[in-house]
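Two complexes come next, and they have one chain in common, chain A, joined by chain B in the first and chain C in the second.
Right, the complex of A and B next:
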């Protein structure tokens, strides 16, 4: 319950942040630009709109995580407002979970808004039937952002905003290259292969949340894919937040 | 405050005039420089960070620009193969650019082997694409310098068995095999058209062609069924 209170306040704080408003406006402008660029695509305007629309949701969400998420906890430490919170009967892990939940809700709201705008553009173009695949792609993008956000909150609880942003970006990049790492591991024998594979398994497998290829063709993904991605995101977030809580518990703010 | 505005406008005007002057007087980009920054598709894939489709869309926009620029000026497409190989590597599902690139390479770039390789690679990536098989058949059908009807017939026939091919694939397969002189195969294919085509006009054509083939086989005169087809020509306007 206390975590939900923190989450609600974090959500309000993030939604009121001008960075978020700017990013949403930027996203809407980008969606408009895809329509302007469509005539240059020689008949592939629909695909261009879907691809750029879905990519902009992912990239703008990442931008929110890197600008807002990585400063979420450290900002409160700098302003010393965290003392007021933690002096109350609020367990530290709940505080972190609340922070993560609040920002994830804000990210979901942004994704939903941009996804709805993308669908509205497609509906105007006469392709309202893309709703299912767009909804699934936006859902998976939100899960991806939730995972990246959990890393940002963890680093934010342990380090400065700039370093947190760099660490989060590093994990994001490594997460996108997970499949390549596994292919790379196959080139080596025995223990080295096992080491690289372990590294690939430790990194967030972000390619699991990618169904943009299917969405570009208006095709839905399977229920199994959605289920596995949801469970994986929940498990990974739980693991990272647990690690963050363990480190945050022993942190001295003096 | 006013001075700042005046300075901003003056410097801005000067900068824009200088940019216009530079564009008018400095030498244009050499062909090599034009796409020198374009890495291979293999290198671009990991750099796309999972957004390969979006990257392919942007590469497609650049490919269209490249084609348009050279189509309107020197009609030389020395980098076209590279441009379309990148697209194919980034997004094998993106079929339209591959087909467009192959025909542009073969017909206007005068590089049929590159066009063939591009389409074969695309078909290798998507072996169940009826559209790609049909378009590859068509590429052989209009091969500059002489139609390759045998290969065209093979790929039309393959396309007719795959999803996503145009309904005319079976008809094209039968016609190509017939004009390549392969009367037995052609007869089988026309029989399939006659039996399965929902189009009455096509069924009538199949009936007539089957009569001609039957006559050619009976008399041993293949020329009764095989037409001499014209050389495919490319007219650039």
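Right, the complex of A and C next:
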């Protein structure tokens, strides 16, 4: 319950932040530009609009995570607003979960808004039937952002905003190429292979959340894919937040 | 008024309770066998906090073997110069710092239990808030974190904003509040859930005289409704006006617990004698070390450091045909109070050693 209170407060704080408003406006402008540029795509305008539209949701979401999420906890520590919260009957793990949940809700709202804008553009282009695949792609993009956000919250609880942003970006990029990393591991013998595979397993498998190619063709994904992606995201976030909570529990706030 | 000086017996060198002595120095576990008395709002035994420098690994003691009891319903002043360990103690009590060793209970609950903070209100030094929230949103939020239901929290938030003079600004975002307003909001946040124990770190800091008077009134009001108040301060008149007892902390060690009156008695008293006009007076040899000149603003002043000889000095001044304008007892400064406490503590320790 207290985690939900922190989440609500975080959500309120983030949506009132001018950074988020700027990113949303930038995203809407980007979608508009994509629509205007689509006639130049030699008959691939629809595919380009969907692909770029869904990519912009992921990348703008990542931008929110890197600018807001990576400073989410460290800013509270620096500005000492955390004193007013942790001096109340609020367990520290609940505080972290609340911060993550609040920003994830804000990211979901941004994804939903940009997804709805993308669908509106497609409807204007006469392709309102893409709604299902767009909705699924937006759902998966939100799961991806939730995973990346959990990493940002963990790093933010333990490090400075700049380092947190660098670590989070590193995990995001490595997570995009998880499958390639596993293939790469096969080229090496024994222990080196095991090391690279372990690294690939520790990284979030973000390619699981990418259905842009399917959505660009107007095709939905399977229920199994959505289910596996949801369970994977939930487990990954739980593991990362548990690690963060364990490290945060013994921290002193001077 | 509560009986005095109970804490003097609980210092590490004094007569700590056997059970407490056994537990002192043991890290807090939350399952400590020591039970605090129901009469005590705060009970601290052997509390130590050390910091290790991350690069040099050099150990710094923030707090050393602190033993302290604060009784329910009393206003307790926590005094000490900067770096004495006041804020460290208050942060340990509110769960923001983890003690290196020792234990403490708050309203009967060990401090490492989150529940110990349910009936506690805390105002940190120089409180900071979320800029984008309004006053009423912030108070609602913290009231709910302290366990109030939504409707009660809203009602209490509005009532407390009015009480601290911010009622007309309840819909204004906090970035538009002045420093004094934020301090008042911090006080409201500490009290909004009607805690049984208030822990205030420098509550008068950043306030103008009117603000200080309001805070004093609020603390007195809390005392009337039976709330225990533990607060740190640098402002002696505030401490004098509010506190039943005070503790003096120097370099992480508890030096003394007493009433303000007792502390004042411990200081070397002095009297200022101010004379009409600027007089050329030669101080007789018999008053050497007893009288000091302190001329100011075109008038002559004399500081009498041994008030027992005041009559003799006044007699001498009259014999010299000097018009005495005023005779004023001088209040000791906080620094003098700290010095006196440190000297008395050293003297007390020497006496105990000799008796042993």
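Note that the second predicted complex is superposed on the first by the 254 of 254 C-alpha atoms of A that agree within 3 Å, B and C clash if a C-alpha of one lies under 4 Å from a C-alpha of the other, contacts with A are read in each partner's own complex, and residues count from 1 in each chain.
The criterion applied here is as follows: a residue touches a chain if its C-beta (ideal position, glycine included) is under 8 Å from a C-beta of that chain, and two chains touch if they have at least 3 such contacts.
Owing to the predicted nature of the structure, the values given are computational and were not obtained by experimental measurement.
Peer 1: Contacts for A:40 in the overlay, against chain B (first) and chain C (second): which applies, first, second, both or neither?
Peer 2: first
Peer 1: Scan A:120 for contacts with chain B and chain C and give back first, second, both or neither.
Peer 2: neither
Peer 1: First (chain B), second (chain C), both or neither: which does A:86 touch?
Peer 2: The second partner, chain C, only.
Peer 1: Would you sort A:238 into first (chain B), second (chain C), both or neither based on which partner it touches?
Peer 2: In the superposed model, A:238 contacts neither chain B nor chain C.
Peer 1: So, A:228: does it touch chain B (first), chain C (second), both, or neither?
Peer 2: So A:228 meets neither chain B nor chain C here.
Peer 1: Would you tell me the residues on chain A in contact with chain B in one complex that are also in contact with chain C in the other?
Peer 2: Comparing the two interfaces on chain A, one with chain B and one with chain C, no residues are shared.
Peer 1: Please output the residues of chain C touching chain A within their complex, sorted ascending.
Peer 2: Within the complex, chain C touches chain A at residues 91, 94-98, 114-115, 117-118, 120, 122, 124, 126-130, 132-133, 137, 141-142, 144-147, 186, 189.
Peer 1: For the complex, which residues does chain A have touching chain B?
Peer 2: Against chain B, chain A makes touches at 37, 40-44, 47-48, 51-52, 54-55, 58-59, 172-173, 176-177, 180, 206-207, 210, 212-213, 216-217.
Peer 1: If you look only at chain A, which of its residues touch chain C in the complex?
Peer 2: These residues of chain A touch chain C: 2, 5-6, 9, 12-13, 16-17, 79-81, 83-91, 250, 252-254.
Peer 1: Across the complex, what residues on chain B touch chain A?
Peer 2: 46, 49-54, 56-57, 60-61, 64-65, 91, 93-94, 96-97, 100
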